[in-house]
Amino acid sequence: MNQRPLLGTALLYVFAALIVAVSTYPFLYALATSFKSGTALFGTSLWPSAPTWRNYVALFEGELPFGRHLLNSVIVSTLTVALALLMSLTASYALGRIEFKGKGLLLMTVLAVSMFPQVAVLSGMFELIRALGLYNRAIGLIVPYTVFTLPFTVWILTTFMRQLPIDLEEAAIMDGCGPLRIVFQVFMPLLWPALVSTGLLAFIGAWNEFLYALTFVVEDTERTVPVGISQISGATAYEIPWGSIMAASVIVTLPLLLLVLLFQQKIVSGLTAGAVKG
Amino acid sequence: MRLTCSKIVVGACLSLGAALGAQAATITVACGGTGPDFEFCKRNAEDWAKKSGNTVKLFSQPSSTTDSLALYRQLFAAKSSDIDVIVVDVVWPGVIKDHLLDLKPYSKGTEKDHFPAIVANNTIDGKLLGMPWFTDAGLLFYRKDLLAKYSLKPPGTWDELATQAKKVLDAERAAGKPDFQGLVFQGKAYEGLSCNALEWVYSHGGGTVVDAKGEITINNPGAIKALDAAAAWIGSITPSGVLNYAEEDARGVFQNGNALFMRNWPYAWALAQAADSPIKDKVGVMPLPKGGGAGGQSAATLGGWQLSVSKYSKAPAVAADLVMFMTSEAIEKERAIKGSYNPTRPALYKDRDVLAANPFMGQLFDVFTSAVARPATVTGVKYPEVSQAFWDATHDVLSKKASAADSLARLEGKLKQIKRRGW
Amino acid sequence: MNSRTRTAWLFLAPMLVGLVVVAAWPLARSIWFSFTDTSINDIAGGKFVGLDNYIGEYGLFLNPNYTLGFWASDWGIAIRNTFKFAIVSVALETLAGLGVAMLLNQDFRGRAFVRTAVLVPWAIPTVVSAKMWGWMLHDQFGVINQMLLDAGLIAHKIAWTANPDYALWTVVAVDVWKTTPFMALLILAALQTLPGDCYEAARVDGVHPLRVFFKVTLPLIKHPLLIAVVFRLLDALRIFDLIYVLTSNSSSTISMSGFVRREMVDNGNMGYGSAASTSLFLMILASVLLFLRVARVRLSEHAR
């Protein structure tokens, strides 16, 4: 490990602290708000003077099956990402490492799919989902989510696939590996940073999606978290229940952060795995 | 003896049960997005279910009414029978008229017990598309303690209001309250602004944007005067942040004691009088001021909600029965007393119990009967576009991007385009 | 077709089939609607109207009713707002993301924690973070105004989201806060995938770190970086949520996506709205192609 000048280290830590502060301040604000209630919500102070768990309790005891919403979100997001990554892994091998006619056009077409505004495909998607019999079921949301997740995962994985050194592949072929083995046994370990980053970002995207979740699922027990949060309502038609909404947001964000912490390692590991050297 | 009696009773119950079971239906009701709305509706719906032997399922709609309408329209487009009974905003019947059931055969004339203006609003092409459920009208809230402190009487015209607001604002700010505002209202570019703007325009004798015959009347001197007056408030007695205020933002400022006047819906009263409210017992409510000059009158935009049955419901008669139950006198009275929902039946405004719980409702009876309706009925399906053009034009004037004269002239052109050959 | 090409198409098959199943019908329908006068009130009853939604008296472009000129019309303003927003925010996010990624690439104590903290803005649901920022930026109760006032940086409270002069830039700021983690994570992955020998060589040679960055690092991550920028650009040009929740949503701050939603969902004009969304799609396509051309990214490059 190289020697870093002291000034450099100090600056590093200052910079890091700044980034953490800016990134998390609004979240901390949300956290603090989730412990306030009543008129205290309109105050500008950061810390609650009389903290209460009421907002959290109300979430799970209220009319809305918030726990169920969480479960639905987990299932839908996980499946969407898993399917997308699987399909993209093989596709990216073809697009990243094999020359064939029409590759450029194909890549652009895949990209073009995600150039449509979400709201534009709402009607057509509604018809498709009903035709597939997936209306009003959380699982049905995988269909529209895939439309926007797949191009992203394909492109990012293709980009990373391209960067992998060719000698590795040649060595594997000489060893008698078929393309499937190359993808899953030789390349995949090296692609962990890309897989995890893409997977995380795609997961968060699917987790936070609102428009389709609102329109295609009407049954309360099948709803996902963003719609659940939007349904949290206050004492009147116009009142925005900040306390409850913040409590819900905290609960909803924590699993994502946990995921990141869990997969931290994978983002770091990669080429240090010795396979490339020599 | 008893055994025989109970046998008869059991026998009767069984046969009754069989008879009811034959026509028992499950009705899905979407009756509110918010906590108390939902609770009330749920209780009443379940009472009805028990009485009538049907089952009721509750659908919790999004808390944003725009999202709700969009969702319903999507469901109607798919002719979905997922939801049988829905709560309909006062401006929606014209928009979704093709998808609602005519309730006349089921109401048996009970609609004449409700405010005629609301019933007329809900009747399109001779069909009664919604039963009035509760009503709303724009009101002026004011700090009576501050008016007393500066020896002022509640304002009769908008000009008086502006002068009073400026006087109190200057004094309060000098006395150490730098955030004090004179007037707050809903100035964000959304339906609420259309409500506010309609009040200003109508109170200056400027009409209702589109008149009952479908003529576009917005480009007139009264309307221009009204909008120019409102634009002058921004920056002097109203903070420029009002351009992004919805109901709760305005209420927040007023509730914190930082405003002299607030235009809002009646719901703000209960919250102003809440136990932890800084302005408890310091608030007065009155009809909105008149515009100056001839033709000036006090105007309040008609709000409120109705109950309708979807045309695609699988059990329309049963659903209609639920609607009639919920809008019956007993239920409206209970809602008025327990939840401060303004009834749509004039008789209830003289009811002793209702007035005891909400003294407010008796004083404002005239406001509710004379409330101004937005041109939703006449513009029908195109109302959302009309309203959006209107609030955009108003927002431009308020944010000083255009003069009222220019903006309204442009609005007239736009409305003509929207109208095309007819509403 | 040689065996390599056959393998390629075989490997592509799952993805292609998946994409066709989920995307073909909705997209085709949307484009079809743009040539009709469909209204949400009666979806089956739309009549074919050719290019009427695009051009002409009731169209988006070349409309004689735009008395103050195209760029002063709702659609023209929407286009301007969207591009202004997209270009500035993507540029800022890329720079910030680069900085953050470089930081996270270093080895230091607490790195795991910082990496998790950095992702927080992206992880919070948009419906919530937009409302949160709206609350913090509130002109009367907002904590931001309070802090700036206390620090003496402003004389009186500013209406960040209501004032038409500040509104768009406020949205840019919030978007940069929200989306920098996205760029940072992708760039970090690229940095982590780089072979370490180049750095070793440069360090041994005593090259200044800045030169290392510009001459070694940047060119090596150029490709993934540009692809990340492309995706950000795609998303930025379709921006809707933030503007909808944060600003007053009048015609002067509306984005193209907001315009589409307003027409399709609020006004129920599916034909007109679909024409707007198809136009948006074409503009995005053109922008991306232009960007790729300018950045000299070739899609059919061999693996190195």
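We just call them A, B and C in the order they show up, numbering each chain from 1.
Heads up, the rule we're going with is that a contact is a pair of C-beta atoms (placed from the backbone, for glycine too) under 8 Å apart; a residue touches a chain by one contact, two chains touch by 3 or more.
This is a predicted model, so every value here is computed, not measured.
Steps from chain B to chain C, taking the shortest chain of touch contacts, total 1. When the C-beta pairs in contact are tallied for A-C and for A-B, the bigger tally goes to A-C. Centre-to-centre, using mean CA coordinates, chain B is 37 Å away from chain C. Centre to centre, using the average C-alpha position, chain A and chain C are separated by 16 Å. Chain A and chain B have Cα centroids separated by 40 Å. Shown for chain B are the residues in touch with two or more other chains, namely 70, 74, 77, 252, 256. In chain C, the residues touching two or more other chains are 40, 43, 141, 265. Of all residues in chain A, those that touch two or more other chains are 42, 122-123, 127, 230, 240. Partner chain B is touched in their complex by these residues of chain A: 38-39, 42, 62-64, 122-123, 126-127, 130, 136, 214-215, 218, 220, 227, 230-240.
Note for the complex: chain A touches chain C at residues 1-2, 9, 12-13, 15-16, 19-20, 22-24, 26-27, 29-30, 42-44, 46, 83, 86-88, 90-91, 93-101, 103-104, 106-108, 110-125, 127-128, 143-144, 146-147, 150-152, 154-156, 159-166, 169, 179, 183, 190, 193-194, 196-198, 200-201, 204, 207-208, 210, 225-226, 229-230, 240, 242, 245-246, 248-249, 252-253, 256-257, 260-261, 264, 267-268, 270-272, 276. Residue ranges of chain B in contact with chain C, taken from their complex: 66, 69-70, 73-74, 76-77, 95-96, 98, 178-179, 187-190, 239-245, 249, 252-253, 256, 258, 381-382, 384-385, 388, 391-392, 395-396, 399, 401, 410, 413, 417, 420.
Here chain C touches chain A in the complex through residues 4-5, 7-9, 11-12, 14-16, 18-19, 22-23, 25-30, 33, 40, 43, 100, 103, 106-108, 110, 112-129, 131-133, 135-136, 141-143, 146, 177, 181-182, 185-186, 188-190, 192-196, 203, 223-224, 227-228, 230-231, 234, 238, 240-241, 256-257, 260-261, 264-265, 270, 273-274, 277-278, 280-281, 284-285, 288-289, 299-304, going by the rule given at the top.
Residues of chain B touching chain A in their complex: 33-39, 42, 59-65, 67, 70-71, 74-75, 77-78, 82-83, 246-248, 251-252, 255-256, 265, 267, 270-271, 276-278.
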